[in-house]
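By written order: A, B, C and D. Residues from 1 in each chain.
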């Protein structure tokens, strides 16, 4: 049991995870700041990433990209290589999607994050994206971790859907050990017996990861629930639990989305959420990151 | 997928759970208010219940009872019959503890909630307690549910540690069906593969239960994590996710607690949390329940 | 890691579970024999319990009772108090069912096992049943455990659907501590993320429980899968894994069963299974218990 | 509920999984035979694969390879690229290990199976191995699935540790869709709340996969439990549940194994197990595959 007296500066857990050497927090104030084209994760600002699950076409990307930017998202998300359960589901636009990513990035001026699954695609993706996502299904993919450890792009490392906190921290250690300390951790829901939600968002992972580790921690409430109407509630919970950011799926026409429409917010609902989050962040002694910084 | 257009008043889920007849929400604004000696669950106010895991003796109860009252708790918790894993662990003060409950209730003027496991004890407990708790290990105990359905005391029904949302709602239906609609639901963490936390607090259960059902929903961040230092973070997350209340373990000497010391907050940390929650509740359009109402 | 050399007599685990005092195995050959009206659990013989999920009426009980007896079942199962998720589901015949139990017991000469959920019913049930079942939903029900610890009837203690092996052993310890060492443990499936099966039968629980504890261990493949066609496969797996018995749901008209028809075997399929099990038991150095002993 | 009458030829589940097109069973007798250098999976014979978790050096490989061959293993397992949780753990001999694989293969005349994690290594590994393993942590790795779908080597596809049966079948569909129908499925334990075992072996996956799909199904009792002394029990259970094979870790000096020593059988214990399995297979109407076929 940790001591709760005034001199308790978390020392019981600090260094308390000996097999980790690099990503574990050694002092109370140690904090890595991860920078994505000037957007900073890990400081006072809470960064919101938003965009479609998958990039579908220019019109879709333009509509969603502009709306999330106007609502205050600092980074645009958009999948081009999609890890789908069924080979008969839409697999993403693949390489062609990357060109759309570069296009929208230049048009609206937001940095972009996209997932890489295949180490052979990493170099190509790095030419188009500002941040590389390792998805939940690849958190244990050590060849991929070893590759992103050697690049000089920030990495968004999502927790495996059945990965323990230990395993997530060790996956980050793989990357940092090879020289890339620009890693943002992401809680995105774990697999449990409950079936109403797609996954069970592990809200306690946020304070836990922040106590054990000095890397920024963000939350994906879209995959973490599978229901658009839960996303605002879970986003607020994440900020209240100390998250350094959010990654939210937004779609202007969810019913026609090629992937995950059911968990995508309409732009107007995302706008409302951003307004709510601003007030909430302030109470938490934080602020929602804006371009005016 | 639910529609997200302006006319979407949650109609897709309303009545959408046909096997339930009583506890399921039928209209958007339907909301049961549960009253415990004047303290109301389910309205704008967020009710905080606090106190020791187990009642140990008069001095302990006096110290903790007064401190949580002064910090703003509206109801005092305190276990006298403890469902312990091992028969060699402290099982609570049993019947003797009830007298202490009555004593502290009169002394400090807070209503009290305590757990009943044995239907044969229900009548006795009802003479001493203002609210009857059905614990996680007894959520499926249908004889007990049937008994509390016939009393005229409010019930705090905790989710079984591996109960689905369906099962929790059906457990409430057992109680309400017999005529007692004064039921408060409580999310307290579910059993998952993660071992850092004692249980995984299912934060999504809050918006889900509130959407499916018209009963108030509160959260137990103490059992939901097993770590005192997580309790403030999870408490804030719960309020941000829409919880109608919290039940928090507080102990003035956690190292010597006979039960669950590791997850009990010191009184001064509880005081700080209450202050923080007030500001947070306001941002959420709620307020922390106070005796000045 | 346990030593695997020729002198390794499981000593590493023996006594290796210090919080347990009574049910933990202290020597390799220690083994409790539990007797139910002459039928012995825990020896060379493998005991098969069979019968309907719920007792519905005289005709049903007569048909199923005779058929399972003729196929070689040594004990008849039949629920009268049913722990149903929904209060609108059939709750069993309650007290009336007990009379049917006594009747069939006398008619066909098989001892009977039935579940008790309410400690107030225990005395009454003991007048009609030869073995008292504590069901999965009541494994943590300590008042009930304390009651059956004080009776002189053998107890069938089912593992809670989300109980760890520790917790099951401690539940047994509650009973044995009070003087009743006639306890048979039952693995009946645990709750996991998999949804094709109703529960996930934890086959490893069998060798594990037998190594840690000296009580007999049986398996419920009916609840453990939820699918009748899996029952023969899982029954064989259980015997191959060292189980001391099986408890199998059989119904002569599953489509009309008031409870759990989908997981109940037709009598002819149960007959085939019994034949198959005889050969399998022999290979395992065991035999299926018969009345000719 | 499936019908259990004499005309019930599993028709209710056949074709009952519409999103699958290729790997789902369409008729009762449909069965894919997978051949690995003459060793056949999916027929009457039960194939045992055995060997060390990791290849460590020539002496180790020689000792273990010969002993498992002499005990009746038909295929040698040996990892060279190891997916370890920690980057500080032994990662396998990498490319150098492949040469040892080729060497032992030629020396003792057993075909070999080894895991590939990186699609860039697939071509190289195909030059040394007779069967390509996709490990549990890469079951969702679609780029890798797509690569092995295009080779002409049999694939051992292990279930992800938190993959549903659906997801495993879809992973197989990815491979078969691209033209490689030589896929053997492997149940290796799933992640649950139980901590005594490393994973929970899902024994019901065996009859379920065999009913839904026409590919052979084998079981890994070593990873499925994490304890060497459970391996014989779980191996027998797997055969009794209808498995077409086993993959078992064997080490001649488990205490010094660089990986997973705690779950590796000593050669003499493996020998005993093989003897036991022969008798068991016969009772099940099967036989343990031998080189005399």
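We take it that a residue touches a chain if its C-beta (ideal position, glycine included) is under 8 Å from a C-beta of that chain, and two chains touch if they have at least 3 such contacts.
None of the values given here were measured: they were computed from a predicted structure.
Engineer: Chains in contact with chain C and with chain D: which ones?
Structural biologist: Neighbours common to chain C and chain D are A, B.
Engineer: Relative to chain A, which chain has the most distant C-alpha mean position?
Structural biologist: Greatest centre separation from chain A goes to chain C.
Engineer: Between chain B and chain C, what distance separates the C-alpha centroids? Give it in angstrom.
Structural biologist: Once rounded, the distance between the two centres reads 35 Å.
Engineer: Based only on mean CA positions, could you tell me how far chain A sits from chain B in angstrom?
Structural biologist: The mean C-alpha positions of chain A and chain B differ by 32 Å.
Engineer: Find the geometric centre of each of chain A and chain C from their Cα atoms only, then give the gap between the two centres in Å, rounded to an integer.
Structural biologist: Result: the chain centres lie 47 Å from each other.
Engineer: Would you please write down the residue numbers of chain B that are in contact with two or more other chains?
Structural biologist: Each of 162, 166, 191-193, 195 in chain B touches at least two other chains.
Engineer: Touching residues of chain A toward chain D in the complex: what are they?
Structural biologist: 19, 21, 81, 83-88, 91, 117-121, 137-138, 140-143, 160-162, 166-167, 170, 173-174, 177, 191
Engineer: Going by the contact rule at the top, pick out the chain A residues touching chain B in the complex.
Structural biologist: Touching chain B: residues 1-2, 4-5, 10, 162, 164-166, 190, 192-197, 200-204, 206-208, 211, 224-225, 227-230, 233-234, 236-242, 254-255, 261-262, 265-266, 269, 279-280, 282-284 of chain A.
Engineer: Could you list, by residue number, the parts of chain D that touch chain B in their complex?
Structural biologist: For chain D paired with chain B, touching residues are 162, 191-193, 195.
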